Amino acid sequence: MSYPFIKALVGVLATVGLYSVLYKENKFYRFFEHVFLGLATGWTIFVLWAEVLKPSWYEKMMGTPSVNGGPATDGQWAYILLLPLGLMAYFVFSKKHNWMSRIPIGIILGLWSGQQVQVWFNTYGPQIKGAMKPILPSAFSSFTVPANASAVDVYPSQALSNLLYIVTLLSVLSYFLFSFEVKNKAIIKFNMLGRYLLMIGFGAIFGSTVMTRFTLLIDRMYFIWIEFFQQQVLGRG
Amino acid sequence: MFNLLPIAFWSDPAGSSALTGKIVFGLLLGVGLLFALTKVPTQMRRSIVFGGTFLSGLFYVLFYLWPQPITRGPNDVPRDAVEGVAFWLKDSFSVVVNFTQIISGFMLGLGVYSLLRIHLTRIAKGHKDAFFSFVLLGSMVAMAFFAYGDYILRLDPVKAQELENPDKWGPLTRGRDLLFDGLLQQMDAAMFSIIAFFILSAAYRAFRVRSVEATILLATALLVILSLMGLVADRVDGFFGGLVANDPNDFFENFKLTTLRNFIGDNLQTPSINGITLGTGIGALAMGLRIWLGLEKGSGN
Amino acid sequence: MIESWNVGLLPTLGVGQVYIGGQYLANGWFGIFFTALMAGFILINIRRAKGSKGVYIRRIAGMNAIDEAIGRATEMGKPVLMVPGLSDTVDAIAVQALNIFTYVARVASRFSNPILLCCYNAAVLTLGQELIRDVYQQEGVPDRFDPDSVRFISDRQFAFAAGVSGLIHREQTAATFFMGAFYAESLIFAETANAIGAIQVASSTEATQTPFFIAACDYVLIGDEFYAASAYLTRQPILVGSLAGQDWVKLSVIASIVIGVLSASFAPFMAKRDAAAEPSEPGFLKLWEQDKEELKKYKVTREQKPAEPAAAAPAGGGQ
Amino acid sequence: MSIANKLQTLPKTAIYGILILCTSLPLFFQIPLPNNPDQASKDFFREMMTLDASKPVLLSSDWTNSTRGESKGQMKSVLRMFMRRGQKFVLYSTADPQAPQVALDVIAEVNRERIKKNQEPYKRFEDYVVLGFFPNAEAAINGLANDFKATVKGRKDFPVGKEATDVFQSPVLKDVDSIKDFQMVVVVTASKTSNFTVERVYGKTKLAFAVTGVMGPETKVYYQSKQLVGFVNGLKGAFDIEQLMEKGLNVDSSASFRDDTHPAPVEGFKGDDNVGQGTRYFPTLHFAMALMIIMVILGNVGMVLAKKDSSKKELGGR
């Protein structure tokens, strides 16, 4: 048995093993599930050093000497202070000092929170601006946008689409208002409309995701039947 | 000079004794801090946690609010204290931005500890799934071993190039290839593709004309699926295209499947997703403010 | 001396491009002003709610199902499974999910119902351990807390999915809660739990995954109902106030959009009236965009540092 | 159990079994399908085929084996177009450390095709350069966009049969100082790197994407705002491109596709190996999707029948 054959064979076995859960949970599945979890954690342990801590912590702290005439970088000693900070988390299992594990968590959360303030407008400003679309048609020579349209003019079909866009956005936004007790029937209806329009959006997402998901399954089947069975087992192609 | 602290204080050439000394000093400082924290009286604990959270959040908020000079050359010296702070913020940014990754990186041990605890106990107690626990721990050790082994081999550039050729692989590279490419990646793909089964059974069960909402969901999803079936789209669009002789203003143009799908996508799907994202964005901002200012009870503070 | 406000675009990191004018924004004051206003709304309302009681919150269907789901699990004597999403590290999404789960754990602890909290990374595991143990302590039953009930599964997306599905099958959970950031794996969880007949309450902050939860779960919190949940469950004044503040923010966004739409709608007519003038965006719309090119015109000369050979630029990006 | 009930509660395992059949059996047959490529695919094809072969293109490969079904077909077509036209390109990845290797495997595959046809294989370092993986996608793309030289500084690649050499010594990068010196940035992706690329690179050079079906809707927004010159969406897009390569656009042949917005003819590679994942999988996808539609219909028919049954019973009981 050649190495490529063995490699393909374990891939097929693993795939079939994981698929077998569709019938019911069984030992075959349980075996591959545990292999999967083990390999994934093993890989994480590797990646943690090789791709996270080494380049963005250790090498920053120790500096790197010049390689083949490239520039050397200085080491920044203060990086070492992150180590005890990270270790504080390990006090979580201590009955007496478990509060210390909240310090690193607090710092991570603090950094995250500060970033929210920092990026909020940059993320959502353009979205809000993008919704400011004209809804009054200003040119009536054609219903849809003709090929030689001027940049300024708004055509009826555009205006209609934009109106629909804005109604959808606003009704969805107002559906998610929680602290106002709405008694006005029109607003209740508008919020209900928001919910229905949301469902259209969700339906469309569902539909467009189907293509990708099925393609991945087809690719798996191609791997099993053509790449493994036909090419490796039968030795064709 | 308005630099907060000279760069020379924070950095030293690689391999220099000054650097090593400072690192050792830093380590001792850290250990001392750990020890000091174990002695902290109960009533101060909250403030310490809050202080850490607040300061780290403050960095980004300051970074956002502090006036930054428009242009800055690589060797510019700040002209006043405001610029000094601005320069410092900017220079520290690339350092601070990695903190989250590094600190959470150090915590991975806890995850591994959790796994070991559960599975070693099972093995020790002879639980009925002890064999599987053994498999899990075994594959974890094997993966880490082969991955590091191969990594260390490849640190040598000549060797790394040699290993581009599969015929020259030793047991370490082979093992890594089999475990990572042959198993782990294949299992990723298998689990990812299993969703196809679930999407089918979920659609079969949920897409019933039971309520207005379910009907809307069903109709839109089916329409989009049909429009993505090249054969169907081609036939339907061809039929309506024939009716209208390609005049974009014609009423029948609206019935082309691809036109409909695009219309729904642009004017209904995009704004409804935008609406949701805006809402969650506002929620995240509020949550961020509460955590940063220590108003959130029960969680980080 | 303030020359301009920096509206910090996301990290312009690493390698030498720190100096490129991208992040210096001439008319960036509006972004800061708007963010500050929104933050102000939230904080004012938190303050307001602290004093008063009984701010109204509309009914959220999925929330009422939580008690029902736990109740059923207790009847059947089977565990309650919780997954706080697949955030990369602890962030507000994971914290919020854990906040909801402390409520779940509290109810479960009163009925001494077993729980299982599956974590995607060690940071969430740490916080989860802390919070859930606190719950049991507050309820006066610290010995009922099993540290193994809060466990790390894997931090690889589909390994996590395989592990959690396996657990659902083997433990035959009666109630499952999926809340937080879920991606493609959402449907694996939901359908697996459905297959064994568990009651499911779910919510994803990713809008693109919500339809799958809707199709497969019993109760779904859509969008920021997720963020409203803890206020709804606990009625803590701070949370309720913050929720009211969020509504003010939403109303300001709605108002801005309405003004923007009107101003954009009349722009073509204005342009026609002043046919000679260059067509340009109306002022209100311009506020929302930051003109980055504008800045590169400015130049400031400063004193130069003496050439220090040691001060090499930190090398990022490449390794 | 009545038929109505049966239709509503078909056993899951049966449904799954049928899905496996639907996604396996058609793979063994070649089923020709009529097709009308999306406008975005046509634009993508035309832009790729009218590049100036003497100037390099930047190619980002941000997918791995888990989305192979869609991305590999797209990648292969892109590479076939590049290699057949003698287009020099520079390859990099920002999404996953595994991505460069996956991309190299596809390059090797296309090279084997070339060797079979007695064509010169594409040479690493001379015809294309591999920059490798850049961690932290957002920062890396920002770096490439704003200061290409500094970001790539120190990267090495392997000339055939030689030691690792600085990438800037490669003839491909000879005249490149900034991202503007690339004619186009092509991103084949299954992750968020497409968004980062639009945000950071748009306005500096042309952009064309090949994305997975899930990302189609969000990518379309950029295409409509003309930030992208073209894009390929999921398996349908992969199929479109393969067909366009076979049949050409506005060419003097009855089989050729037409594009009225740009009437200039664009020749494809008629008769060459143009078949890839798109052509192989797309017919199969029809069977799977048709199955889904049938299942939904069956469930609903069952429900309606059951309702009728129960209302009859109620009437009878009165």
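Order of writing sets the chain letters: A, B, C and D. Residues in each chain are counted from 1.
As a working rule, a residue touches a chain if its C-beta (ideal position, glycine included) is under 8 Å from a C-beta of that chain, and two chains touch if they have at least 3 such contacts.
Everything numeric in this text was worked out from a predicted model, so none of it was measured.
**Student:** Would you mind checking which chain's mean C-alpha position lies nearest the centre of all protein C-alpha atoms?
**Tutor:** That would be A.
**Student:** Applying the document's contact definition, name the chain pair with more C-beta pairs in contact, B-D or A-B.
**Tutor:** A-B
**Student:** Which chain has its C-alpha centroid at the greatest distance from the C-alpha centroid of subunit A?
**Tutor:** D
**Student:** So, what's the distance in Å between the C-alpha centres of subunit D and subunit B?
**Tutor:** 24
**Student:** Taking each chain's centre as its mean C-alpha position, how far apart are subunit A and subunit B in Å?
**Tutor:** Comparing mean C-alpha positions, subunit B is 8 Å from subunit A.
**Student:** Provide the C-alpha centroid distance between subunit A and subunit C, rounded to the nearest whole angstrom.
**Tutor:** Here the centre of subunit C sits 13 Å away from the centre of subunit A.
**Student:** What parts of subunit A, by residue number, touch at least two of the other chains?
**Tutor:** Expected reply: 18, 21-22, 30, 32-33, 36-37, 39-41, 43-44, 55-56, 60, 64, 71-74, 89, 92, 102, 104-105, 108-109, 112-113, 116-118, 120, 128, 131, 166, 169-170, 173, 176, 198, 202-206, 208-211, 214, 216-217, 219-220.
**Student:** Give me the residues of subunit C that touch two or more other chains.
**Tutor:** 7-8, 10-11, 13-14, 16, 32, 35, 38-39, 89-90, 92, 95, 122-123, 126-127, 147, 155-156, 158-159, 162, 184, 192, 207-208, 210-212, 214-215, 222-224, 228, 243, 246, 250, 253, 310-311, 314-316, 319
**Student:** In subunit B, which residues are in touch with two or more of the other chains?
**Tutor:** Residue numbers touching two or more other chains: 11, 13, 63-64, 97, 100-101, 103-104, 107-112, 115, 181, 186-189, 191-197, 199, 201, 203, 205, 207, 217-218, 222, 225, 228, 265-266, 269-270, 272-273, 275-279, 284-285, 287-289, 291, 299-300.
**Student:** Take each protein chain as a node, join two nodes whenever their chains touch, and name the resulting shape: line, ring, star, complete or other.
**Tutor:** Contact map by chain: complete.
**Student:** Touching subunit C in the complex: which residues of subunit B?
**Tutor:** 7-8, 11, 13, 63-80, 82, 86, 90-91, 93-94, 97, 100-101, 103-104, 107-112, 114-115, 117-118, 121, 187-188, 191-192, 194-195, 198-199, 201-203, 205-207, 217, 272-273, 275-280, 282-291, 293, 295-300
**Student:** Under the definition above, what is the set of subunit C residues touching subunit B in their complex?
**Tutor:** It is residues 1-8, 11, 13-14, 16, 18-19, 21, 23-24, 32, 35, 38-39, 42-43, 46, 88-90, 92-93, 95-96, 98-99, 102, 119, 121-123, 125-127, 131, 134, 147-148, 151-152, 155-159, 161-162, 184-185, 187-188, 190-192, 194, 205, 207-208, 210-212, 214-216, 222-224, 226-228, 236, 238, 242-243, 245-246, 249-250, 253, 295-296, 298-300, 302-305, 307-308, 310-311, 313-314, 316 of subunit C that touch subunit B.
**Student:** Quick one: which bits of subunit C touch subunit D in the complex? Just the residue numbers, please.
**Tutor:** Counting only subunit C, the residues touching subunit D are 10-17, 20, 22, 158, 184, 195, 208, 315-319.
**Student:** Tell me, which parts of subunit D touch subunit B in their complex?
**Tutor:** Touch list, subunit D to subunit B: 10, 12, 15-16, 19, 23, 33-36, 38, 64-69, 98, 139, 156, 158, 163-164, 213, 217, 220-221, 224, 236, 239, 282, 285-286, 288-293, 295-296, 298-300, 303-304.
**Student:** Can you list the residues on subunit A that touch subunit C in the complex?
**Tutor:** Those in contact with subunit C are residues 18, 21, 24-25, 29-30, 32-33, 36-37, 39-41, 43-44, 55, 59-60, 64, 71-74, 89, 92-93, 98, 101-102, 104-105, 108-109, 112-113, 116-122, 125-126, 128-129, 131-136, 138-139, 151-154, 166, 169-170, 173-174, 176-182, 198, 202-203, 205-206, 209.
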